[in-house]
Each structure stands twice: as structure tokens, then as C-alpha cells.
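Two complexes come next, and they have one chain in common, subunit A, joined by subunit B in the first and subunit C in the second.
Presenting the complex of A and B:
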């Protein structure tokens, strides 16, 4: 009996082992078609042809947006989270509009035009006449001044204090004219004037009630397309049509912001029609595409993922500048300060595979630091690094990184930066729990090891990673930037004055005097015309591309799934709702 | 004591009858015999042995298949398990699919398919088994050593020692175990060794309580009194009488413990707090697959990643179930009171 059992066991074991050595069919390579999950990023502009209808647009209908998080406060100068702005954005007028497609600043909101002085320091804005708060008061320059003075007041605690940086004075010349004077020309500062205006006639003139006004919870007065109706925390917010909206009253009755924390539940509710709009997770895309009642808005977002390459020795982090602003010479990284190594890494990664597999098609290769979403500053002629392992290996061979002992890992045999015989061993880190980055790390490790690197990949807790990052004690890191906004100025990533171990965002210790100079010039062009600033950004992109302080992996893509129940929807990458007052129910 | 030395010739004849002669049955041989009749437990033991052997042989198996656990092949991501098409090819039902799959994978048979990076799931499961089973067994051993030592000491000496130990255990046990683990693993970066230590050091309280109770019972039995009366020392009584008589409980407890530890490791990995990628564990594989269940083929609408969710999930379930069944079977076999004597 025992023997029987043992032989059974042995047979099972043998079967399992033999499985690996079974006779195999001859492999056939399929050449007919290739199924790739998603390969192409649909560009943002979709021309929507509005058929001329003789009948007036249908009135009524409600649009329900699903969100994972609820708003926290409905005051435009106190809020700092995107959910709050999703709701409060309906109520408060702002000075400057933003082109929903290019991100450029345009005179579509309160400022209908503006003049700039010769030296670029004094800006005079002329306001729209006849814009009314829903309680009958007119929206005037005083509201703007009140709002920005409130930000500066000691009685108001707000994360927006930096919006006043560099502003010397704000003056009201007449109820419809505002004059803003700057201390020095700083082109990206114009974005700081875009906050929503408070209705000054409802607040105490000394700003004492800004922090705890009931209006922060129930902003009953509106100058936007909708008027606040109700906010049930962690459940929903409701807003109703403003019949006196100055751009024309919306056709729809109202808009609801509904909190549904689980992404799967959001998708299900979109399909059943309980929700009309959700942000879509990459793995949910196919479901949306296969549903004939739903549309997908796919857009290039203002963020990117990259592999940061520490240019300085992680054992000896140093600041980039001394107190007088002179460059401090860095202790170079023994391996990554070698441009050949950085070029080899840039050529060794299969970007198409990374985007289609790791990012599930939700990305696009980028060549440098300015994204195509900032259309005017982006240099489309710059080509991203191509995947070419032979070239990568050749670069390493030529630079003196060869595998002399045959263990599969290259050593320094005459390389420029490391000690002779040092192995090409580099740490690669990312934050644990971000499965996309963990997958990317596993792939990068395998692909770089394939050409003779010895990559030691680990996923560590986010707080620890940020500590290593800002402390500049890492070698290579997989991380990303999000929310870069509409201005291309990203000096905090590259300028040597932001190379401050422990806090600065130039944690790769990138140091290039020409880049410092260009970054400063690009934001101090008098008048700040985009066509004058663009050449500086083009040169910056070229240099960053050539120097490879970052290996740019992919630009982010955003996805919005929405119902087809309204006509006239024309989403842009910077705004989904920019023309909501013209939407009307589909028949 | 023995009947063979009886005075009566009739009894002597009876004793000499070979039909009635049989080996004296010890406690352990009886346990073994009852185990042999328990098919469910034997199957569970067989499954676990196979899993353990396969996990131990993982490098050799990976080599014979021709792919490592972290070898990526993005062009062949989400390949479905090769096992089905291979059987159909062998039986001649479908001569086309298997060669095509091999062609796509570069000649490597991915028996259980590939994951989102084109890594072989079978090989990763084997390597994951090394980590998951290794951690569970090592942590269980640690639990056992600590639990048995502390439990025996508490139960044997009683009074103040027992009060102190039980006070400590009761205090610690009143903190929910999984939260304690989450706090510890979130604070310290876990690798397989530290995770084993965490699980072991936080897992012995129950075992200690169980052993203590049993030691109380054994300590009061007559043979312990007898040993004491002939002057045996505490250590001798403990090792000769108390611990051997607690062995059934210890063994049963160990089997169930290992199962719970595999689940704990999976739960931590599932929360992203276990052993960190790219090292595969069953829990982390399951965790990664969870995000992919919505993923579908844009042309056919077929789910792409079901095999990545079902196989590790099934493996964890069956392994833990096996351990529980073994624990249950061992209890039946080792407890004389529950024995169904035939």
C-alpha cells in the first residue's frame, strides 16, 4: 500500500518534470497580423460638426460627473485640490481665459483685452462690461482687487500666497480697468492672475471673515454658468442653471458632482447611465470603446514619466550654487556622469513596448522636457531616442565599458569616469505600490541587463524614495511629473539654484550654465509674447535632449469617458466643459 | 505484565498461536495506520510535497523551459496558457494554435501563459512558491519554537511566571494582528528574511496559549506525579513527559499555522506591503493581476488576464486548504480519543 502511494507520488512528480521536456511542435512565426493593445494616441482636436438646426436647442437635462474624491472647500483662494475646483469653477469669474486646445492665455473671460508697457512691467486689463453676480451686483475690478488683497492679508491662510510673488501693486483705475505692476518680468507669473474672484460685496472689507464665511460651504452667489444649489459632503454637489450667465444661459438644467470612490463602480454607473462622465483607468478603456452609448476623450496630459539619472556622486550630495550664485563643481557620479552610459541607456529601452505593455497604450514617446500640450513652446522637430540595442552596445564598447571577464556584466576598461575594473552596476529605484512603475522597473532592468548592465532594481516605500530623491542619494529613479500646467517654465528641474540636497527639485544635480541662462531669459521677455519665448524653449529642449539628465519614457495621456446624451460636446486637453452653455440634449 | 508468561498451559497455547501474535502497536504506529486510511489527508500531503519539490527545483525547471522568472518579452505579453493548445496539438485536435504560440514566444512553451511583461507565469509561480512557502515554513518554525518554549514554561511553572507571561500575551493579542503587521511592514522595508521575522515574532501568541493549556493538563497527570516522586528534575519532566505529550497539539497547530502564514504573506503582498517586486510571490502576483481584470482584447473583447488572476489565486487556495486538511487529518490520527478503532 505504501509502495503504491509512493509510486503514485513519484509518477506525479515525474510527470511535472517531464512536462518541461516534452516533444514540442515546431514554432511557427505568425506574420499575418499583429494585435497590439493600443498603439496610437488620438490627437486631441476632434472637429465636431454642428449641423445647423432650424429648431431651437432642446432645453433641460442634467449632467452627472463621477469623481473619486469630494471637494473640501468652495472658496477659490482657499481650495488647493482639484475636486474643489471642479465644483467651484462654475461660480467665480476669473481674469484670464485659457484656450482649451493650446493652453495659451486668451481674452475669453473677464479681461476682454490688455496692454503691456514697453518695459513689460505694467499690465493694464480692460474688463467685460455688464457681467452680473446672481444677486444683481455687477462684477467689477474691485472684486479682483479684493480677492488678491485677501490673499496677501495676514488674516487669510492660503496656499496661494505665492501667486503674489513679484507683484508690486494692483490698482483699480476705474470699475472696468485693472493695472498690475510687476517688480521684474516673469512670464509665467501671468498664470498667477487666473484665480476665481470673490464677490467682495458679501465679505467684510478687512478680510476678517474670508476664512470662516458660510459662503465657503454654500457659495450662493455666482457669475458663472451655474448657481450653487446643494452640497452633501462625500455624496454629491448640485448646481443649477444661471439664467443670467453673460455668455448665455446653458440649455441644461443643472450639473451634479457625484462621489463614487471605487473605479469599477464608476465604470458600471457610467454604463448604466447613472453617471455621464468619469476619468477612465487604462484597463477600462476597451469596455468604454465597446459601448456604443459612450464616447472616449483621449488627450495628451500635462505630465510625463521619466528615469532620473543622478549626475553627481550619491555619496557626496552637494548644492549646485554657493550663496553668491556661483556654480559649485559637483563630485561626478562614477558611472552616470559618463554621457556614453546615459546615451546607451536611452537607446537600450524599447519605448514602444513600454508604452503598449506597461502603460497599456496610454502614453506617447517624448523627446525632451516641453510637452506637446504646450503647443507654442514644444519643438516637434526633435526626435526621441530610438530603440537600438546594437547601437547602445556599440556606444558602451567605444566608451571603454566592456565585459572582459565574460560574466555578462561590463566593466570599466578605459572608461572616462569610473575606476578601472569597476562593474557597470547601478541601483534603480521606484515607489512600491505603483504597479505601472514596478512593471517598468522590471522591464528596464531586464532590457539594460541584456546589454551588459547590472541593474539592481528595488521598489521602496514612497516616503523613503522621496527622502533618497531629495537627499540626492539615489542612482537611477523611475518617477514622474504631473500637473505641469500651461507654461513651459520648468526651471525648478534644471536650474542649478534648485540643486539643493534635501529640498530642491533639481535632484539629478544637473548643471549647465547655458541652461541656467536660457531658463532665465525665457521668462523675462518683455511682453511675454509666445513667439518671442519659443526660441529659448526650443534650445532648452535640444540641450536637455542631448545631455540626458532624464531618460524620457512617456508623456501622460488622460482619458475621459462620457455619455452621448448631449450634443455640442467638444472637449480639449485643458478643459472638458469650456462650451457647456451650448450643449443641448440629443433627441 | 505480559500475557505470554501466564501459568496456565491453555493460555500459553493461546499465546503461541501465530494468528494472535502481532507486533505491539505503539502510539505512533497507530497514528500512522489511521493516517493511511485517510485518503483526503494523503492527497493533501501529496499535493504539498509536489509543490515543495517543484519550488525547490525551480531553477532547474526554469532552465529546462528556457526562461527565467524575470525575463521579459513585451511582444508576447498576456499570452494565454500553452497547456490547452499543447494537449490539443498532441491529440491532433488543433494542429495550428500550439505552433503559432511557440512562434510568438520564441520557442518557449509558456505552460500557464505570460503576464503583462511577457514573463512566464509557471516559472514565476515556482519561484514565488519558494518565497511564499519558504517564508511560511520558516515563520511557522519560529512561531513554534517561541510558542512551545513560552507556553511550556508558563504552563509548567504556573503562578507568577504564568501570570506575567499570560498578561503579556493577552495584551499583545488584543491588538489586531494584521494591523500590527501592516504597521511594521509599512515602517520597515520587508525582504524575505525580515518578513519571516515579522510574521514569526508576531505569530506565536496563539501557539503559546494553546501549549500552556495542554501543559496544565499534562502536569496534573499521574505519571508526572510518579516522576516527581522518584526525584526527577523539572527539566527531565519537561522534556521526557510534558513536551512529548503535547506533540500532537504542536504538530496539528503547526500545519494550520503554515496555512495561515501563507495567507498573511499573501494579504500583505496584496496590500503592496509584502516582499517587493520584481521578486515574485503568490500574493504579489495576485495583486498585480487584480488591476488587469478589466483588460480586454480590443478586437474580440475577450478578457486578457484571467489566467493571471485565477492560477495564483487557485494555487494559494489549494495550498492553504491542503495545509488545513493535513492539520485536520493529523488531529484525527494523533488524538486517541477521536480514533475510530476498527
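Presenting the complex of A and C:
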């Protein structure tokens, strides 16, 4: 009597199996997988030996990058997330190029050269001639001016308004010459001129359609190596070769940006050949290294992780300066304003263990705020704090933080900043979901509690954490900076004018008049020569190192896993795709 | 019947207004700030941030923002017509109140869900864009869980206390207990990476042309559908087993047996028919269950659906999108419940809808 039921089940199962066993269609990515098996590198080297003329590069092929997040808007002045720039970066020309290995600003994009006036205020850029938008219009200085004027327009809602700071005027001298006049010398000012240019001939001259132009979704006109093809939100974006790209058309047919939110699924797709490039998490490194079809690109990223120590009382956040620019004396943090406590924390952490266990070796210890990647400004003589729990305990004892009641937690017995008897209890927060930071938090809690702290660690949702951070209502926070770029100017972290509760990035309320002065001098050196700026940064690093507003945990190491299906890939720390037009299928 | 439906639909209006108010208060008063999250970047100054906040109206008290969201009319003190007038927004200055009133033609009362802060798209467009993917996954998961769960439940009841019954029970417990993100990843690893039979994620094989291919779509659907359906299979099999066993003890079944009706007909016509009635009441909520369960499955399988969109909008504090999704899900839930009430009447003639 149950046979019918079984046959229904059997039919279902059979249907599932039939579906599963259906002949596989031939998607682009899977055909590619077969070509990868034949490692043709050997053949190529042989040919180089035999004949001096290289083989013509194989045309065709598609590169698929996997990303956790999708682009939000494909307009270079409205976008503020890295995923959007990953895609829109293919289309919009920019004034300045960046060396993929050193990160230095170089004349490889629209500006083929520039002159600076003697006072350093007037910059004249000479543009490449003959660069065309894909609809046949020429890319000119007007596009640059339109883009930056649009940013300043009331009609345009963009977080990029600060890119215009200090710019007094932008003039088009002729279609291939731009003159930018600054109000004062700022050595890192060029960084603000790097945004992509909009094709001004497709927009209303009064900027009224910048916000809701269909081009924000489908930027059909390109002056870069690829032309926009299709964008299916949260699924994929595809771009096709621009046959008229001024640096030479790419050999590959196109590039795909595929959204795969889960890191485990991204790794799986890289292994099956459905993806060609992913950012690799430390715990995934071994899998990549063991796979003969994959390569790994490891690089020192321009970021670091740190523990921010709030110098001011979180119950009374105050701005660092009044309206005239005078320092406002802060209500000090009852515990963390004590330099001895900060020194004890810096000495109590086992950085080697943290880097090897939490970061799985993907990090390196740093002593202060300028990363070694910015070679000219970095001070290599500065030594990071050494792991020494006895010394840490001694510092606390000497500073009047002792455990008088034997409960394992120190109290203030004659300390400088807190009320007598106050326990050494500090909150430590980070953003939930970032497992590395959660692990670090647990380890820091453990190590600090080992010398008599009472660390109350909690991981909270990122949006909430950002609110606490900028609101300056936290004690200690584990977080990091990424994308610091090539200029060492990081005044927004340390200058007292950026200590503005609710918005400023000097949220640790660090206040040091000498640092304010040095930060200002370092970016206004006449001529901006690196050797003239370096001494300022060396002194800044020394002071930050000694004052410990941050405990520097590790410099970031990035890992990119990618397929070997193309020849010519030569990734630099600042750009993976800088020479993508020269890549050709390994075949 | 028609009157009943109309009355229920009218009742839905105050419900939805209530939902809109409660959701708005919660969302706008939750910690976090959409502007800070979008501009957590030291290169962006406070002034730029304040300008953006003002342009988006996020500097206003939440009650004023609620009025604006519901009616499409924004009130601001002072004469600021120039600053806020746009091609789609008309502003007038009301002198005696010293207030500028701007009408952007939107507001949920006029059926507009507003514009996303993160992507600058109309929220309705975003929902319409993602809905097909979620529906496709949700409907197939619901069908699979019914087609597998219901027969399994009936068979377990028929073979009560047999090995089959016991194994279905164990499978139901295991299926319910396994977290779907883990099971999803394990299935990807097995069928996608090790065996290479099925794609590891996405709705389609991505290519430069993205042509439609039914077989390819079906293959991409198998794993996520199964993972999303497992909970339903477990639920429906247990539910059906209980219901059948309850029905089987009733007098009319005993009567049917006494009359000598064939066992097969007793089980599948008399018993199953009546046992299905309570199942109808679970269908409405089940639609919502599938939609909410889709968040995890959509993330693991890179499925571009509503669940993922809503979740990431919440993370980004994209208030209009979150609220739009809440309103949309509310309408769907109300419709689902109404539908199951109507179905109830259809399956069981004794139930009168009045």
C-alpha cells in the first residue's frame, strides 16, 4: 500500500539525480579551467630562447574577480565604497597615476607632465592628447573642471566636498592644460585631485542631473581599458574590452566582478575556476599554496591594526579646540590618561603571539604611526615596545596601581589620575563579525588581566561601534586603518582640531601642541621635498610612540589568491591590475 | 466571501500604518548613523558630512523625518527654498510659520518607498529587482519541502514505530538542528569542489553575455533550494505525522475501515484530506519563514535576493531600504495570512468566512 508513496519519492529523487547529472553547459569559466591544466610557461621560455621575436599574445579570455560586496553607484564623485571603485575604475580617466610598486604619484594617466609655481601654490597640468571617450568625444580639461565643479555644487550630494578644500580656483587654460591654484601649500594636496572624471558632454552644464543620471547605473561611455556592459546588482558586473583604449586595447575579452558574500564560498569558487581572483583570509592561505593552479600575491598593505586608548573622559567628550583654535583642556580619562597605564598595556602584550596566532603570521610589528612602506618618512630606528610582563607590572606598581585587597585586580593606591581605591577596570570594544579582532580582543583581555587589569571586552555591531568611537564614549577600542596611501600625513588622527566628538577622527582625544605644530609644518614645507619633510615625521613618530595614544598591534599584510590562466600578471602592492592591457591567455 | 476579503484588506491599512510607525521609530533610533558609516574615512571632513546629512534630511528630528517619509512633505525652519528646490521637489516658504515646506511627490501614502541612501535608487526598484530571485528560491524551497515533507510524514504515520518512522524522526531532528550556513558550505564543498557536479553559488553561470539557459539556472537552484527546504521538510514531516495519527483515531476513519474501504483509500483520501486542513494555516507563516530563512542561504550561495539586500541595508543603516523591505514583508505577511484563511475555507467547507 505504500508502494505509490515510494514511487513518488523515487520519482523526486530521480528527478533530482537527473538534474544533477545533466550534461554540463559550457560556461566560460569552466572551459578556461581546462586550459589551465596545461602549464605552458615552459613552452614559452623555450620559444624565447629559440626565436628573438615573441609569440603574438593570445587574444580572448575573461577574468573574474570575486568580491564580498557589490558596487553601490558607478559615479566616481558619488561613490564612497571600495567595491564601486573596483568597477568604475575601468571607465573614468583621472589626472594622476600611481606607481604600482612604490605608490608614488607618476604622470601615467591624463597628466603627462606638470609645473609648479615658485611659491608652490599654482599647479599647471599638461594633458595627454588624443585620449577619447568611447563615444568619440575627446577627453579634455573641461571634463576635469566639470567634475570638480560638480562636487562643489549644492545640487550634488557627495561626501567628497573635502576634495575641494584649499583649492582657490580651477582654470582651463586650453583643452589640454589645467591650472589649479591653492590657497596655501599642502604637500599632500595632489591626493585630492585623483578622482575619476565624468564625461561632461553627457551631463547638464548646471549639474542638475548628476544625482539621477542613468549614467550612474549604466556608465556606457568609457576612456579606460574596458567599457561597461551590464550590471546585475548583487550578482555581477561585466565590462568588455575597449578596442580604442589609449594605452592599447587589452588582449582579454572582458572582466567580470562577481559578488560572492561568503569567504568560504569565494575560496571554493576560486578552486573550481569559477573565480580568478579573491582576497584571501589568513586561514585560507594553505589551501591556496597547495593548489598548483593558483598563485598567491602577498604584500604589505597600507594599513595597521591598533588599540585606541581614549585620553579623555568618555562621560564628558569635548572638542579639542575652541572656535579661535585654542586648545580646550580635556576632562582626562580616569585611568587611560595615566601614561604609566598606557606604557604597562604596551609592554604587557605578546605581539609575536598575537601576530602568529591571531593574524596567522600575516602581520609585522610596528613602532609608530608611519608605515615602513612610506620609506622616506618612516623612522626605522624606532623600536616597538617589547613584551615584558614583569616590566609592565613594575610600571603599574610604581605608578600607584597595586592590588591591595588581593582579588587579582589592581586599585588606585596613590595613582596620578583616578580616585583612591578605583579599580583598574576598562572596557575594550571591537566590531562583532570580524573574527580576527574578536580573537585579538580575547587575547588582549587575557594578557592584561594577567597583570592585574580588569578588562571588560565586548564585540558590538560595526555601525554601533562607529557611533561610540566618533562619539568618544569608549575606553579602549580594537580597530584598524586601511588605505592610508603614500603620504605620511595623518593629521586627522592626531591634530587637536580633529578632536570633535561625533565626527572627528582624533577620537582618542589626543592633545599635544608640539604634534599639532609638527603636523602643520610637515605639509607646508616650501617645495615639499621628501628630505625636507622627513625630519618632521621622524619627530612625530617618536612622540606618538612615547605618548601611546594608540597601542600599535600590527601592520597589515594583504593576500590575493589568483589563477594562473593569464601570462603577464605582475601585481604590485598598490595595484593588481596596472598592466591588465598586456595580459594574455597562457596558452 | 468578497465582503470578507474587502473587510480584511481594509483592516490591513491601520495595521500597516502601525507597522510603519513602530518600524520607523525603531530603525531611526537604533544606534549607528548612515552618514558616519558611509563616510568612516579620515579624508572626509566634518563639514562635507554635515552638508550631506542636511541634503538627505537626516539632520532633522525623527518625527519630522517620519512625516516626510509618510507624506513626502519635508518641513524646515527658515526660508531655504533655494537650497532644497530640485527638478522633482517643489518648495514653498510659509512666512507666518517661518517654515519652508518641500513636496517631493513621494511618501508611502502615495505608494512611494523613497530613495536608498546607499545606492541612490528608488527603494521600490531595488525590491522589484531582487524579488524574483527570492521568490524563485522561496517557492521552489516551499514546493520541495511540501513534496518531500508531506509524503514522509504520512508514511511515518502509516508505518508508526517502524525503522522508517524512526529514521525520518532522526533525520527531522538533524535537519532542524543543522545550521544552514554549515550545511550549505559542506554541500558546496562536496558537490561543488570535490565532486564538481554542481555550481558553488550564484543564480547563473556568469559570462560576458549572461544568456539565459534553463538547465544552468536549474543546476544553480538545486543546492540552495535543498538547504532552504531542509527545515521545512523536517517541520512538515513531523506535522503531518502528528495530524494523520490524530485523524486516524477519529470515528469516521474507524467507520470507513469497518465498511471495508481499502486501506490505501483510508489513508490517502479520508485521513490525508482532513489532516491537510491544519497544514493550510501554516502556509501563510511558512511564506514568511522561507523569506526570512533566505537571508543566510542567499549569503552562502551568493543568491542576489531580498534577504541579502535587506541585511546589508541594515548594516549600512540605509533606512529607506530597510523600511521599504519591512513594509513589503508586512504586506506579504498580511496577504499570506489572508490567503491561508481563505484556503482554510476552501479545504474545509464547515469554515465560514464572514
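We adopt the following convention: the second predicted complex is superposed on the first by the 425 of 587 C-alpha atoms of A that agree within 3 Å, B and C clash if a C-alpha of one lies under 4 Å from a C-alpha of the other, contacts with A are read in each partner's own complex, and residues count from 1 in each chain.
In this section, a residue touches a chain if its C-beta (ideal position, glycine included) is under 8 Å from a C-beta of that chain, and two chains touch if they have at least 3 such contacts.
This structure is a prediction, so every number in the text was calculated from the model and none was measured.
Participant: In the superposed arrangement, which partner chain does A:446 touch: subunit B (first), subunit C (second), both, or neither?
Facilitator: A:446 sits against subunit B, while subunit C stays out of touch.
Participant: On the superposed three-chain arrangement, identify whether subunit B or subunit C touches more subunit A residues.
Facilitator: Looking at subunit B versus subunit C, the one contacting more residues of subunit A is C.
Participant: Which partner does A:358 contact after superposing on A: first (subunit B), second (subunit C), both, neither?
Facilitator: A:358 contacts subunit B only, not subunit C.
Participant: So in the superposed three-chain picture, is A:240 touching just subunit B, just subunit C, both, or none of them (first/second/both/neither)?
Facilitator: A:240 sits against subunit C, while subunit B stays out of touch.
Participant: After the superposition on A, what does A:150 contact: first (subunit B), second (subunit C), both or neither?
Facilitator: In the superposition, A:150 touches no partner, neither subunit B nor subunit C.
Participant: Does the superposition put A:264 against subunit B (first), subunit C (second), both, or neither?
Facilitator: Both: A:264 reaches subunit B and subunit C.
Participant: Considering only the touch criterion stated at the top, classify A:141 as touching first (subunit B), second (subunit C), both, or neither.
Facilitator: neither
Participant: Should A:78 be classified as contacting the first partner (subunit B), the second (subunit C), both, or neither?
Facilitator: After superposition on chain A, A:78 lies in contact with subunit C alone.
Participant: Classify the contacts of A:432 with the two partner chains as first (subunit B alone), second (subunit C alone), both, or neither.
Facilitator: The first partner, subunit B, only.
Participant: Check whether A:281 is in contact with subunit B, with subunit C, with both or with neither, and answer first, second, both or neither.
Facilitator: It touches subunit B, and subunit C stays clear.
Participant: For subunit A, what residues appear in both contact lists, the one with subunit B and the one with subunit C?
Facilitator: In subunit A, positions 1-2, 5, 8-9, 12, 16, 19-22, 24-25, 27-30, 264, 461, 464 sit in both the subunit B and subunit C interfaces.
Participant: Mind pulling up the subunit B residues that touch subunit A in the complex?
Facilitator: Within the complex, subunit B contacts subunit A at residues 36, 42, 46, 49-50, 53-54, 57, 61, 64-65, 70-72, 74-75, 77, 86, 89, 95-96, 98-100, 102-107, 109, 111, 116-119, 186, 189, 272, 276-278, 287-288, 291-299, 301.
Participant: Spell out the part of subunit A that touches subunit B in their complex, as residue ranges.
Facilitator: 1-2, 5, 8-9, 12-13, 16-17, 19-22, 24-30, 35, 37-38, 264, 267, 281, 283-284, 286-287, 289-290, 350, 353-354, 356-358, 360, 432-433, 435, 438-439, 441-443, 445-447, 457-461, 464
Participant: Applying the document's contact rule, which stretches of subunit A touch subunit C when the two form their complex?
Facilitator: Residues 1-2, 4-5, 8-9, 12, 16, 19-22, 24-25, 27-30, 62, 64, 69, 72-73, 78, 80-81, 154-155, 157-162, 165, 191, 208, 211-212, 216-217, 229-230, 232-236, 238, 240, 253-254, 256, 258-262, 264-265, 268-269, 271-272, 274, 461-464, 466-468, 470, 481, 483, 490, 492-493, 500, 503-505.
Participant: Using the touch definition from the top, list the residues of subunit C that touch subunit A in their complex.
Facilitator: 31-33, 36-52, 55-56, 83, 86-87, 118-121, 126, 129-130, 147-148, 151-152, 154-155, 158-159, 181, 185, 188-189, 191-193, 196-208, 210, 213, 215-216, 218-219, 222, 263-264, 267, 299-302, 304-305, 308-309, 312, 315-317
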